[in-house]
Amino acid sequence: MVSLTIAGFLTLGIMSFVYKDNPVYKLCESIFIGVSAGYYFVSIFYQSLLPQLTDKIGITGELSDSALAYYRETGSLASPQWFNLIAAVLGVMMLLRLVPKIGWIARWPLAFVIGSTAGLRLIGELQTNIMAQIQKSILPLWDPQYIDGSLNMAASVGHSLTNIVMVAGILTGVVYFFFSKEHKGVFGGTAKVGIWFLMVTFGAAFGLTVMSRMSLLIGRLDFLLRDWLHLLG
Amino acid sequence: MRKLFLAALLSTFFLISFSFVSAQTPPAPVTNLTAKDTPSDKGAQVDLSWTASPDEQRAENPVIGYQLLVALSSDSPFVAVGKADAGASGATAKDGLKNDQSYYFKVRAYAADSSFSESEVAGPATPTGQWWNTQPNYIWIFVGMVMLVGFILYNIRKAGKEELYIRPIAGINAIDEGIGRATEMGKPILYICGLGDAAQAATIAAFSVLGRVAQKVAQYQSRLIVPCYDPIVFSICQDVVKGAYLNAGRPEAYNEKDVFFVTQDQFPYMAAVNGIMLREKPATNFYIGQFYAESLMLAETGFQAGSIQIAGTDQLIQMSFFIVACDFTLIGEEMYAASAYLSKEPEQIGSIKGQDWGKVVFASLSLLGVVSALLEHKIGFFEMLKKVLLAE
Amino acid sequence: MRKEIPLAIMLVTGVFMAVQFFVPHEIPSLIYTNLNKTVQVVGAVALVLGIVSILSIHLAKIGKKQPGFGYSYFLIVFFVLMASSGFLPKSLNLGSFLGHGGNEEGSFFLNMYNYVLNPVQSTMFALLAFFIASAAYRAFRARSIIATLLLLTAIIVMLGRVPIGPAIFGDWIAELADWIMAVPNAGAKRAIIVGVGMGILSLSLKMVLGIERAWLGGGR
Amino acid sequence: MSLPETPTPRTGQDFWERLAQLDRRIIFAFIFLALAIPLFFTIRQPIAVSPEGRAYFEAIENLPAGSKVLLSFDFDPPSSPELQPMAEATFKQLLTKNCKLVVIALWPQGPQQAEKALAVALRDPQFKDLKLEYGENYANLGFMAGDEVVIQKMNSDLPSTFPSDYKGNATLSLPIMQGVKNYKNFDFIINFSSGFPGTREWVQFCVDRSGSKMIAGNTAVQAPENYPYVRSGQLKGLLAGMKGAAEYETVVGKPGKGVSFMGAQSVSHLVVILFVILGNIAYFASRRKK
């Protein structure tokens, strides 16, 4: 019950922010940041540092994510220890940032982390976004629909129109993002149509999100009014 | 009555004898069994293929499944290494196989009553891991990579020799105006690198825009506040801002405490940034990088604080919030182009040109596809014409 | 040397990660899994640096008695409380309200997470319901063609999503919302995705090749 | 890209100009009331039931009385406004059919969500006389880390995957778990999910491999990705977000949280739209003056 009250007051304290910045919000903010930083400090120790260096999740002794991934990949649990050593050494190099004179050595682990991730994303982007989009963008402008073996005009025109609008959206949008040519004349006009399509996309994304944001506030109100204050049945 | 009894007796006898007989007729074995090392794999797997037993179709006691058997030589005892359902004409044997060891295989066809028959021995097959994936989709991705990387590298080289044209990017002016406004008003600039990690392209773009902003701020002697979400991004931001002050010739003006870490937790981080906005009242806010749900909260609080806001992200949904609530938004690729443009290095300009070539290929492939799909449907097209013209 | 070695490390790891995608053999995939290990360890150490940063800023704030320094006490106290409680032995009992040590079910650490961090997090997130409304009011004005398009699609999609929309206007509004989502929206989205894809590819490439060096600080 | 300039506030404005730059706190107050007031009433609005939602209801309705059902709670508190109403209504429908319920979770905070939903269902007056007992009629086996590997492991040996329940009892000591070895011992599986691991993993690693029958409840964002599974028959039904919960409650004929939440949604959407219209009227009126 006490814990519910604490949660209730914190909820109200944060909500008071929409009225104006005030001491209660400032207090909640400081507690919030302190608790969160402490929480991440502990959890990163138990969930990243310890398990990655020992391959086990700290106290429970369950397999860590990477050990699990390795297990899925190879079916065995053994993971060569010298990888752990490399990780530990790079970790120590990172820590050397705190020493002003040799702080530059921290760029080595940074290069390692950023380089490996960037290499991975290079391929990932190509595979999931560029190549996949090409396949999806090849659409027939005339798409006849057959119902019971005979051509159905209404359905065919509907489907074709859909495809034409889609292809137009793709091509004009690509023109808008083309940087080698100034947006003038026919090219500029096409880019303008591209902007219109982009605006429709942004409007749709905005409209679609309203519902999920309202859901979140409904959830908080439900907590305040039902769980805490018992005003709802 | 007696007739009935006799009939019952007879039918019982027939039923018994029938099932007895069928139990003694095991199904026909699979034929044409072949065993081959699985292509494009990490090894320790062998692909088996066969022609299914014709008795899968028979009404009585059909084949219900297959068992894969393996042995080290064709005459040593075979052990099970997996199974396949009826209807399958192949399977991959992998349980316990080792690389660079020859194996022999047999397939057992099982009938519903557990009777079975074995195929001829296939093999030897030696599983090995391959060093290059030759599956078609991997080849296509490789071709795509070589082409795009080629475009970009070619243009980067070309940019080193001659000047390439890039149309003016509207965001550049907005960025400079934002810095100017802060200087005039004597208020700080707030720079948010987003919630992405340091290797995300959007964050990398944020670093280069930050470098530019910090250098101008150092020249104009205003103040730059950079609260960070990711600890690695925080480390790099410190280096970037410090380096920019050094470049501007004012290393002593760099205040380490203005580039700081908050917490790696979306909403506590937001709580802190909200507080900074309302208390410091920055003249200009930059939001460049990867953003999630917090985008709208940033933009609305910044508006309330009276700041000019310039945003750039590659997150589709968040673009819509930035467009609605910020003064200027760099949409997706515009952000990358702006960051390259700001560096003023010819190589960077060349890379934008390379990207454009990629888009031309994308657009022409898509157009080509449309045309070929149209030709394929030409019969339908003519039918439509006929319908319209002859009013059928 | 301070820049060459990091750039070399970046080239080697970046090219390896890109190429390993095409290599099915198990040795690269083994290295790949273990590279991720290093990424996590370095990230964890970086967090320690971050914590040092935030604590030193608030300690300095208290030291100089800057405005609002009183709140810094709360921040530091709650950080220390939370961080140390996670390392307390499980056997330590702080009473039925606070819970026990350790970081499992019923511990002080998890209670703090459930009753302090969680509600505040959900509430911050929920504030977006207010902000989405005020942003819509402020920006959705039919000032130009593009602003009108933005406003109209947003309203149609909103109406199509809740039951009251079709109840007032008829089912066509829900169908129109679905069509907007499926057709013009999807088309323009693809253009954005392809553009972003090219940008990411080219930036990652420049990064790996050492052309993009903003992250090293200090320009050239 | 930028939208045209927002007019800057000036002194000496007339009514329309002030309306065009309304203090946003007035909007905040209206949104607050638009969401809070409908929670006290059940607003009657026609809720069109999607085929997927109806299939969800019918799948449970067609279960033989006393069936054993496995429910997986794969979400955390932020998604609870969307998923909790459907979980509560599902528990109620299952209990009226006298089903035996075994709850597990692949997300750390799933078990708490399940406890909350169960408590709401058990408080319902219609189950008062049934004397439903923990361990006999329902059980909560808690959370297990390992994502889709857990789903796979349960297919071969469920009790060893969840050796003890949420309260620390040995799983095998619970009467409801007697004779339970794997998915084959359950008549039905229900999954509530808001991401990974979730419905997609359940379909891939449980339904596809064990042939179990399954239905699912998803958040509105996640649902489109799983609709194809309903069409292919791998899922027998699917509820999508708050609207899905409202649809389900409508079919069951017992309006609950979902319907009341949906009422709040409709009112708040209308309020946003009315404000946008008001803003435009004010904008054009103040512009005509100049």
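Order of writing sets the labels: A, B, C and D. Residues in every chain begin at 1.
Keep this in mind: a residue touches a chain if its C-beta (ideal position, glycine included) is under 8 Å from a C-beta of that chain, and two chains touch if they have at least 3 such contacts.
Bear in mind the structure is a predicted one, so any value in this text is a computation, not a measurement.
> Between A-C and B-D, flag the pair that has more C-beta pairs in contact.
A-C
> Which one chain sits nearest the middle, judging by mean Cα positions?
A
> Can you compute the centre-to-centre distance for chain A and chain C, using the mean CA position of each chain? Integer Å is fine.
Computed from C-alpha means, the inter-chain centre distance equals 6 Å.
> Cα centroid separation between chain B and chain D, in whole Å?
28
> Counting only Cα atoms for the centres, state how far chain B is from chain C in Å.
Using C-alpha averages as centres, the distance is 18 Å.
> Give me the residues of chain A that touch two or more other chains.
14, 17-18, 26, 28-29, 32-33, 35-37, 39-40, 94, 97, 107, 110, 113-118, 121-123, 125-127, 130, 133, 137, 167, 170-171, 174, 177, 195, 198, 201-203, 205-206, 209-211, 214, 216-217, 219
> Which residues does chain D have that touch at least 2 chains other than itself?
Touching at least two other chains: 1, 3, 24, 28, 31, 35, 77-78, 265, 268-269, 272.
> If I count partner chains per residue in chain B, which residues reach a count of at least 2?
Those would be 141, 145, 148, 197-199, 201, 204, 232, 235-236, 239, 262-265, 267-268, 271, 279, 316, 319, 321, 323-324, 331-334, 337, 352, 355, 358-359, 362.
> Make each chain a node and each touching pair an edge, then name the shape: line, ring, star, complete, other.
complete
> Show which residues of chain B lie in contact with chain A when the two form their complex.
Residue list for chain B touching chain A: 140-141, 144-145, 148, 164-169, 197-201, 204, 232, 235-236, 239, 262-265, 267-268, 271-272, 274-275, 278-279, 316-317, 319-321, 323-324, 331-334, 337, 352-353, 355-356, 358-359, 362-363, 365-370, 373-374, 376-377, 380-381, 383-384, 387.
> Quick check on the complex: what are the chain B residues that touch chain C?
40-43, 129-133, 138, 141-142, 145, 148-149, 152-153, 156, 197-199, 201, 204-205, 207-208, 210-211, 228, 231-232, 234-236, 238-244, 246-247, 257, 260-268, 270-271, 279, 293, 296-297, 299-300, 303, 314, 316, 319, 321, 323-325, 331-333, 335-337, 339, 343, 345, 347-348, 351-352, 354-355, 358-359, 362
> Which residues of chain D touch chain A once you look at their complex with the stated criterion?
Going by the criterion above, the answer is residues 1, 25, 28, 31, 35-36, 39-40, 77-78, 80-82, 145-146, 149, 219-221, 241-242, 257, 261, 264-265, 268-269, 272.
> Contact residues on chain A for chain D in the complex?
Listed in rising order, the residues are 18-19, 57, 60, 62-63, 68, 72, 195, 198, 210-212, 214-219, 221-222, 225, 231-232.
> So in the complex, the part of chain D that touches chain B is made up of which residues?
Listed in rising order, the residues of chain D that touch chain B are 1-3, 24.
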